[in-house]
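First, the structure itself, so that you have it in front of you.
By written order: A, B and C. Residues from 1 in each chain.
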Amino acid sequence: MTRTHHLHPFTALTAAVGAAVVTTAAASWPLSAAVAVAAAILAVRGGVAGRVLSAAAVILVPLCLSLLVLHGLFFPEGHTVLAEWGPARVTAEGLEFALELGTRTTACVLVFLLFSFTVSVPDLLSALAARRIPPQFGFVLASTLTLLPAVAGRLDRIRQAQEARGMVVRGGLLSRMGTLRLQMVPLVLALMDDAGSRAQALDARGFGNAGPRTSYRDVADSTAQRRFRAAALVLTAAAVVARLVVSWPAGVTR
Amino acid sequence: MTAATRTALRASIGSFTFHGENRPALGSAALSVTPGALTAVLGGSGSGKSTLGKLLAGWLRAGHSGEFRGSLELDGTRLEFQGAPDDPRLNPAEWSRRVAYVPQDAAAMLSTVRATVAEELAFGLENRATPRAAMLRAVERTAARVGLSGLLDRDPATLSGGELRRLAVGCAVIAEPDILILDEPLASLDGAGAAQIEALIRGLCGAGTGVVLLSQAADRLAGEATHWTVLVGGVVTAEGTPAQLAGSAELERSGVLVPVVGGRGGEPDTGDRETGVLEGGAQKTGAQKDGVAAPGPGAGTHGAVAPVMAGLELNGVSFCYGGDSRRRVGPQPVLVLQNVNLTVRPGEIVAVTGANGTGKSTLLRHFNGLLRPAAGEVRVCGRNITGVPVGTVAASVGLLFQHPRDQLFERTVLRETLFGLRELFGKAGAEGKARAALAAVGLSAAAETVHPAELPSSQQRLLALATVLAREPAVLALDEPTVGLDRTGLEHLGRAVKAAAARGTAVVMVTHDLAYARATAHRILQLDAGNLREI
Amino acid sequence: MSKPALTVPAPGQAAGRSRRLLEIAGAAAIAATYVFLVLTQPADIANGPASFSALVALGGFLLGAVLLIIAVLPVLPTSTLVLIPVALVLNVVLGQLMGSTGLPFYIDAIGTVLIGVLAGPAAGAATGALSSIVWSFFNPTVLPFAAGAALIGFLAGMAARWGLFRRFYFVPIAGFVTGIIAGVISAPIAAFVFGGTSGLGTGAIVSAFRAMGDTLLAAITKQALISDPMDKAIVFTIAALLAYALPRRTTFQFPFVRRFRVLAGKSPAAPDA
């Protein structure tokens, strides 16, 4: 936990992007699996294993199942038929393809989730601002993270208020859609109203200013981290170039 | 000397009309602000105070937010607006740095993207590229000024209402504005919170800032102002010193709340401020008699019909948060209600008071089943509501929430009131009931044309009240109904509640405005440590 | 005189031109990537998991999305910018609410379409792309679809600009067409980056086309043509209903709505839903 906090947000981000790109470029399932396992271990050591793994499971389980069924049973390009029922053919190539893509996506998802669940968002914003990334980008990111939990609470309040006005949620699809519309209108209206006054407040506080900004929050960086980032970027670029060079003729001629 | 008499801001408003609207939100109005002086703009709900404040401070800008005719003059720079495309365009950042505005909803001032109070304070300085060292000093100085020094590392989302208001003021004053416009700075603060803001305002005036107070109550703070401007329907109807205007017909007509000695406090939502409570406490018996005497007839007629079934009955109700979901992490469940017994007869008005966070709203939510008791039972018109869906109980129990906006969702005021009435009264009866309910709260004129969201907040609450009244519930439960209401609103509320009680509705209102409770209710109960007791 | 001025000059045209060039470059990057991928798609994906195509698809589409964001974001008025987080939250929350009705659609772009309708194509595109980038904080698999999301916001804005939201019956048609275009553009991402789609319903449709011998890209494109237009027709309809339900003061604060009479004549045509 403390270790990740000492990491500059860009170091973590570079590492995550580098790992994901190299994994994609390498296209080798043992490497993908190794990256996924490494990410999981880091998540455990960072104390975020529960959140990372549960979020990853929600994304990955349906995707991997879908891949397994799709390529495991229907892979017209496959030659080595293992089993066959009517139109469905289980082929070794199909299963390998599903394995390749499944592990690759798993690795990338875990790496990025590890980054987003360990990074300190205020530090990230401050670092982005220091690099003269438009402050609007950081605003959208941070404001969304603030709004999400607030909206859940607001939706609950709206539902209570409407039930108190005699709204009964019935089973039928049309009735549920109707109820939904009635809940959405106050939610959207309230959110847009709040956004309107927030825009006025932000403009008043100089958010719309062009030109340089300073940052109150000080994000620690170090030469070692800078060197690591440069090396990671070079490695990532090399992996991409290598893959493009190796596969380019194949890609075009086929 | 010269600084004190010089005019810093002078506004002369011909009209301001929001885009998409036909009627101007502001008509002819003029205002001058001098450094170091407190100026008050008084007006009822919907009088255009907030629009005026935002226009003066560059929150609403000509062309951008609406069509503005008139002029703004700041420290010798005069800008004329004709409502034409080549009008001058305000630089909001620079204008607002010098004329700052703090909205009534303090949370709207916050950027939502800063993790601590200190960073939130610094947000405006960051955007103006203030060097970090100067920023650190300014944050420290401002925090001390608004009394937030101990809270600099807190997440703004965890602040209390009073702390949030002080943070919003801090965000405005950190840029050292010449003029500070405060919109209802005391609304929904308790006595201690209000006193801190009042002291802060005095300090700012003393330091040479011109402060403009926008308020719907001519309360103690407004009384300290050197100049009052009375706003009605976006037009200035009177101005002068407090002494000239106090008790004048113009102020009377404006719907501004005027505190009455020994009666209701100036701010209905801060009724537990010292004066009101002490006065009321001394005259407790008298006030109680008065309270019963006025709405008495309604209760009396019902009392005469021998054994009346209780409209609402709570038998041994206990409730604790977290009791039903044991897996949730946190401290052990807190008992909010403890063996509460309450019987409200038809036609009776009962007020429940208690400090913030004692569970008044929790109690109210038991009446229609939004919350279910851990032990005990709730009976409405003699029927136990256990297991009955909230939407069904709602036919007999009307609940008015603190935030009326959440309860409104239709496109016109009439449609809003009509919602769900056809099932109760048939197509023919529904419209009559809806119009009668709207008439009872004084909203008939708005029925067909106005979108509920475009009503001022005071009238939104009255509309929400109308939607509840139109269903003619046996039990009417009101959660802090007086908060944010101006005098006209309070009168409509009072009349509507009395009329409902006279029809035989059992009324329970939760309020921390003890004076209002005394004036309206037959009985006052205090909720304290989970127990209800009569006072 | 060193103090910043109390007024600002009217926005000039010169700055707009370089922005426009960036926008065009972004759109061109997306279009070129798509064409390249379709022309060079590996006929025999059995030889490897399309790593080359995956990199090209990711690189090209993300480059396009980022160029669009760079072009639009700094000139977006704050009043529109603050709506992007709102749109994103609406995408997620309304998507979940709709999911609770049991309809077999994703319905995950209501907020994006709403912003496109109220604030115009450029804002819609930025909203779509930013939504994907921010949402990838919680679900990294949506990041590669940023270009498709930008396209949906852009097309919603164009539909509004052409007055299709003035008449309620045009709205689902506009959504349908948007769904076709966005679905086709996004198919290579699903095919080359993920190798398929998430979810049982869409997976079954892709499987059926694969069983008939289609290439993966063709199968996923056909699947997208089946589910996306319907999905976007629903999304556009819901967004339109929400826009009609908003008070005039809220909708008319947007210069885009005022200038192009986006919602004019809304009251007679708006049904009760």
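The criterion applied here is as follows: contacts are C-beta pairs under 8 Å (C-beta built on N, C-alpha and C of every residue); 3 or more make two chains touch, one makes a residue touch a chain.
None of these values were measured; they are calculated from a predicted model.
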Between B-C and A-C, the pair joined by more C-beta contacts
A-C
Could you find the chain whose CA centre sits the greatest distance from that of chain A?
B
Rounded Å distance, chain B centre to chain C centre (Cα mean):
40
Between the Cα centroids of chain A and chain C the separation in whole angstrom comes to 18
Going by residue number, chain A touches two or more other chains at 139, 143, 147, 183, 185, 189, 193, 198, 200, 202-203, 207-208
Each of the following residues of chain B touches two or more other chains, namely 93, 409, 453
Residues of chain C engaged with two or more neighbouring chains
245-247, 250, 253
Along chain A, where are the residues that touch chain B in the complex?
121-122, 125, 129, 135, 138-139, 142-143, 146-147, 154, 157-158, 160-169, 182-183, 185-186, 189-190, 193-194, 197-198, 200-209, 211-218
Going by the contact rule set out above, which residues of chain B touch chain A in the complex?
54, 57-60, 92-93, 96-97, 100-101, 103, 105, 108-116, 118-119, 122-132, 135-136, 139, 157, 171, 175, 365, 368, 370, 389-392, 394-395, 397-399, 401, 403, 405-409, 419-420, 453, 467-468, 471
For a test of understanding, state which residues of chain C touch chain B in their complex under the given definition.
3-10, 245-253, 258
In the complex, the residues of chain A that touch chain C are 21, 24-27, 55, 59, 62-63, 65-67, 69-71, 73-79, 87-88, 93, 97-98, 100-101, 104-105, 108-109, 112-113, 116, 134, 136-137, 139-141, 143-145, 147-148, 151-152, 155, 173, 176-178, 180-181, 183-185, 187-189, 191-193, 195-196, 198-200, 202-203, 207-208, 210, 240, 243-244, 247-248, 250-252, 254
Residue positions on chain B within touch of chain C in the complex are 18-21, 65, 74, 77, 79, 86, 88-91, 93-95, 98, 409, 411, 451, 453-454
